[in-house]
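Can you keep this structure in mind? I'll have questions shortly.
Just so it is clear, A, B, C and D label the chains in written order, and each chain counts residues from 1 on its own.
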Amino acid sequence: MTRSLRSVLLVGALLLLPVLAARPAVAAPEGTLTWAVHISLAPTFFDPAETPGLITPFMVLYAMHDAVAKPMPGQAFAPSLAESWSLSKDGLTWEFVLRKSVRFHNGDVMTAEDVKFSFERYRGSGAKLLKEKVAGVDVVEPHRVRFRLKRPWPDFMTFYATPATGAAWVVPKKYVEKVGDEGFKKAPVGAGPYKFGAFRPGVDLVLEAHEGYWRKSPNVKTLVLKVIPDEATRLAALKRGEVDIAYSITGPLAEELKRTPGLLLKPTYMPFTSWLVPVDQWDPKSPWHDRRVRLAANLAVDREGINQASYLGLAKVASSMIPSQMEYFWQPPPPKYDPAQAKKLLTEAGYPSGFEAGELSGDMIYGSAIGEPAVNYLNAVGIRVRLRLMERAAYYTEYGEKKLRGVLYTGSAAFGNAATRLENYVIGGGRYVYGSHPDMDGLFAEQANETNTRVRQQLLTKIQQMAHERLLFIPVMETAFLNGVGPRAEVHGLNVIPGFAYSAPYEDLKIKKK
Amino acid sequence: MRRFVLRRAAYAALSLFLLSVTIFLFVRVTGDPTVLLVEPGASKADLEALRTDLGLDRSLLVQYGTFMRDLARGDFGRSFYYRTPVLELYVSRLPNSLFLAAAAMVFSLLIGIPSGIMAAVRVGGWWDRVGKIFALLGLSMPSFWVGLLLILFFSVYLGWLPSSGSGTVLHVLMPAFALGWYFAAAHMRLARSSMLEVLGSEYVKLARLKGLPEARVITKHAFKNALIPVLTLAGINLVLMVNVAFVVETVFAWPGIGRLLYEGIAFRDFPVVQATVLLGGSMIVVVNLVIDLLYAVIDPRIRYER
Amino acid sequence: MSDALLELDRLSAHYVTGRGTRVVRAVDEVSLTLQKGETLGVVGESGSGKTTLALAILRLLPTAAKIVSGALRFDGEDLLAKSPTEMRKIRGKRIAMILQDPMASLNPLFTVGDQVGESLRVHENASRRSARERAGALLKSVKIPAAVQRLREYPHQMSGGMRQRIVGAIAIACEPRLLIADEPTTSLDVTIQAQYLKLLREIQREHGLALIFITHNLGIVARMCDSVAVMYAGRVIESGPVRRIFNAPVHPYTRALIESIPRLGEGPERLTAIDGQPPDLASLPAGCSFQARCPRVMDHCREEAPPAFDIATQHLARCWLARP
Amino acid sequence: MSASPATPTATTGTLAGWLPKLRTEGLPLVPIGILVVLAFLAIFAELIAPYNPEIGSLSQRFKPPAWVAGGSTEYLLGTDHIGRDVLSRLIFGARVSMVVGFMAVFIAGVVGSTLGILSGYLGGWVDQVIMRVTDTWLALPGLTFAIFLAAIVGPSEWNIVIILGSVYWTRYARVIRGEVLSLRERDFVRLAIVAGCSKWTIMRRHLLPNVANTAIVLATLMLGVVVVSEAALSFLGVGVPPPKPAWGLMLADGKKGLMAGYWWLTVFPGVCIVLLVLAANLLGDWLRVKFDPQLRQL
């Protein structure tokens, strides 16, 4: 299709638009869908530049904004505001061809300037990394933009176009410059399928359909995200039909949800693994120093039992502390549950009647779902640990300062790839690393400078194998995020985009006709 | 008297200054907000950028100086989590909190005053016992449990009331009851003892000596007098309710100050915690000041009432 | 004695507390007679049962106390047989009482006019307006200046002396036949005391009412009363016409009381001239209750409580010394 | 009214004064009975409880009480989310909750009363310092403070005791100070001063026994507040650490089950808390009336 023909069609379409609108619209958005959200929504969620490296803001971003490219159903990097992109042969330039005729909610046309502006303005998580790697952004044409890298960087799209950062999400340059950052958070304007309606901090966020959304006009007219911090209350609201979708319902409440006729239990999966780490393994005097003891602990925990009890069997048993969907993931053999063997190993290690293993510390939010049963299992084979659940802030602060002893229960849903996980938890100098093996540190340094993806894959695999063999961790679970769906939501958007926890894409959602 | 007032006001200011130091240090020694604003496992560079951004890379003294300087200008800083001025957040939540507290107080007094009065009029009788136990039950049951039982019964089972949120009078009923019931026992006790005191007073005796019907003695002569201390306590408790409601607010998703504070603590949102504690503390200090002054006026021996 | 306005015949009122384990004999076998228009003084130390006696006459005892035996007749009617409602109609209307602390007897939250007119409205169904008018007249009769304006004021706006007069006005509002004044002057300074006593006497004379004057001050009794009853540990230990009792007391306690009346220029008045404490009313000793403090105690006193002996007309004493 | 027994006499103010009275005046048998039974459970938990309260089996989870369909006599009051016996946890929970409750009240009482006496009797700068600190403490919302303390000292049964004790001492300090201020003007204190007793002797021998009544009554009332606060701390996740069985923790843990129909997880610990708090409060009210019917500071 030549450019001129396309513009003719476009003009034609624009001319037709009032005509179409005048007819009893078949697809005019109608109705309201309401969510019960588990955390407080913050105005920072309205501005992609502030994306803090948590998944939660994307709950709002997917509605209000759009990205150059973003994960969509079936596609890790789906062309969105960009129709296509290409990487130059030298691996130094990414060129994006932007969709024309995309308009922001205020009517401004989206251009390459906006993409450049949004990237440069980005100051959320990973901003430093991106800016180190990217030499500059050039506007080639109004709808063509180039990212120049300092050195070839195979992970560029992983960081640019996934929830790892919010740099690809585009805000209207003119508008932002006019109203400023503060004004933008009060009255955000984006290119997403839903417009900002109203926001009451701690109460709710109302979004209205943006009928001119490029991909399609949304089916549902109004979206309401209600903040309900207590999960029992969220379930009550769902049961009463006050909300149509309730996020984060766990344990017995999830069972009740499953039992309730008319309600649907729907898991979503984030790159979220949880594991135990005996940090005392680095103390030669500790029983945990003995690999056999760690192996015994690994065999003592019935992960499937925990899965059934806490996640209704909807989570996945983890074999590694790196999420299986992550890039460079190596799949270790699945863990076994064998308490008899565990006891035997303990006897071999010189603890026939078990040993006092100190405390098992954990963050109170996830602690009771996994920590409590884990402690139960460890005690059952004679590894006598006491659970110590700590307030989240205190726990991570002390963990970071390496003040905690014994065994730690932890988990992470940070985006990135196997390398970023290893860096934080395995490699010497990492934030949560009590001790490390020099050979692994060496391999890691090697891969960091490696541009060849295959070689890098090999190196990272090697490190993961070593971590597995040396039993640095006792992986427990790839956690599921359980949600409830009420009878009104025909298309709920849950678990449609891999690795995304919330409802999306919003423009596809549909209310059941009576 | 004027000197007395000034001195008490100076003490109040001193208390608030101590409070500001205490809360400033408390939030800072008990956790690092940056680890909560990102996923655990985020990169070091991000953490450091965030620390700089939030101004946490400076020394404690500098941070405190900035805090106090801004405070002097009426600026409580910006929330780390919401990234909006804390005062704005506080002001937007305050009406909700006051509304909840006022509604809770209505429940509390509706339970506490009649049961207290009846208990005093019929000491040891059936009413005394039932009223006392009903009021004490509110004190004995943790409010989150009461809240959930209410939701279960009135929202899920009967379907009469919305389970959570705010906006209409219907929304406020359950949280107000859960909160008010807890305070009912205190009001019941005071209503009972103050009614007993009034009933033993000379003017009630005189009313009886006049041959007034017992109902008139109680409703006209005793009730009004007995109410005064109860209402004084209610005034104090209203301020307390605003500041202790966060469990109830969390259960019912009520957007009040309490939840703002609690989430502030959970996220180590220093400016939010500092502002809510200081503003709440000011309310309490001011109320205490007013009580002290009132007592000094009423009773030269200055005795303390809660 | 058909002329008697009030007759008490061996009236006993006990406090029963601690689920019946403790019995306080606050008023024990008290017999008294009061003629119309007469003034009776009741004297005794604190805790001797004077106030309980007054409240028993009005049947307004605290819930823990009960009249356990005896008879109580007023104007020929048996008060103990009255229903609570009937009793209520007598109180304030036919028998009035002025309390120990007139200062605290007014409700701080209502106007003076309201409180004075209240009995009229209740007992005589007076309209708001006529109650108000009559309240004004009553205030005038107790010599309150600018009486009509005062009706609108609250008790705290008035002086102590004025408040006492108002309490007096309330007592006589319905023109009662009997007025009981329970230590009405204890909390007053001497000049106001004298004024108040004078007022009481005037009221008594004008309205022709009988007066029971409860006090621990024998000096006042001497000035005010026609007859006197001395109470000790819940009992009347001696009673009779004032002149007779003062001139020829029989009971050692009465004697001690009279001796302790301060003569002119003899320092402050006291009523603790007798060493020792009154006995615990819940565990009275066998025999005479005054035995422990009695200067003339005999063996017999420890064995048997003395009955009331007739010494002369209307002069009774409970003391073995008076045994004829 | 001079013969009324309600009039406080000189002897009601002392320990020696009320002890014999407690025997003679009708005791509130029900509250005392409840407290005795709970104390018995707490002391002999090992002998009474059928199971280990901290270890369960996931295969036995959410068993209802014996009399409900699906329940068995094996677990009389059912099991919780990790298959632990609710009855055993309640029995051991009596120990944890009572130890936490009583110890916290004790600490609050000792600290608060001491400071209250010092402040009220010595006056001057001591009073100033203590009262300013008390004011500051009072202005800090109790549970906020508890969360911070929990974050500093970390969670453990004994730390909860310390936390709750240090949150609630202010009530004691203020009330006792008020009491001392009025006692200071009483004759027996004046006499003691004239007799040349030292300040410490006066505080220890004359003031302490006289504020003991108030402190004891306050303690019974505070016990309820503390036990309920313990539950609130667990609701906020900073209470007695699992898997310890404490009633407040069981209640907070079981709240999810409430909506899922596992009512026994919250109803039983809830009833236990209610019984304990009610019993303490009723006893406290009774004591309060006994000691001083006009006592209004509480």
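Following the convention adopted for this analysis, contacts are C-beta pairs under 8 Å (C-beta built on N, C-alpha and C of every residue); 3 or more make two chains touch, one makes a residue touch a chain.
Note that the structure is predicted; figures quoted are calculated from it, not measured.
With contacts counted as defined, which of the two, B-C or A-B, has more C-beta pairs across the interface?
Looking at contacts between chains, A-B has the larger number.
Find the most central chain, measuring centrality by the gap between its CA centroid and the centroid of all protein CA atoms shown.
The most central chain here turns out to be B.
Let me spell it out: compute each chain's centre from its C-alpha atoms, then which one is farthest from chain C's centre?
Of all the other chains, the one whose centre lies farthest from chain C is A.
Can you work out the whole-Å distance between the CA centroids of chain B and chain C?
51
Where the CA atoms of chain A average out and where those of chain B average out, how many Å apart are those spots?
Measuring from centre to centre gives 38 Å for this pair.
CA centre of chain C versus CA centre of chain D: separation in Å?
Centre separation, chain C to chain D: 48 Å.
Roughly how far is chain A from chain D, going centre to centre by Cα mean, in whole Å?
45
Which parts of chain A, given as residue numbers and ranges, touch two or more other chains?
Touching at least two other chains: 232, 236, 391, 393-394.
Could you pull out the residues of chain B that touch at least 2 other chains?
30-31, 148, 151-152, 156
For chain B, which residues are in contact with chain D within the complex?
11-12, 14-16, 18-19, 22-23, 26-27, 29-31, 132-133, 136-137, 139-145, 148-149, 151-152, 156, 185, 189-190, 193-194, 196-197, 200, 229, 243-244, 246-247, 261-262, 265, 273, 277, 280-282, 284-285, 288, 301-306
Quick one: which bits of chain A touch chain D in the complex? Just the residue numbers, please.
Contact set of chain A toward chain D: 231-232, 235-236, 250-253, 255-256, 302, 305-306, 308-309, 364-365, 367-368, 372-373, 375-376, 379-380, 386-391, 393-394.
Mind pulling up the chain B residues that touch chain A in the complex?
Chain B residues touching chain A: 30-33, 35-47, 49-50, 53, 79, 81-84, 89, 92-93, 148, 151-152, 155-156, 159, 162-166, 250-253, 255, 259-260, 263, 266-268.
Show me the residue ranges of chain A that touch chain B in the complex, using the header's touch definition.
Those in contact with chain B are residues 40, 42-44, 50, 52-55, 123, 125-129, 185, 200-204, 226-230, 232-233, 236-237, 239-240, 242, 391-394, 396-397, 399-400, 410-416, 420-421, 423-425, 431-432.
For the complex, which residues does chain C have touching chain B?
It comes out as residues 58, 60, 63, 88-93, 96-97, 99-102, 104-110, 118-119, 122-123, 167, 170.
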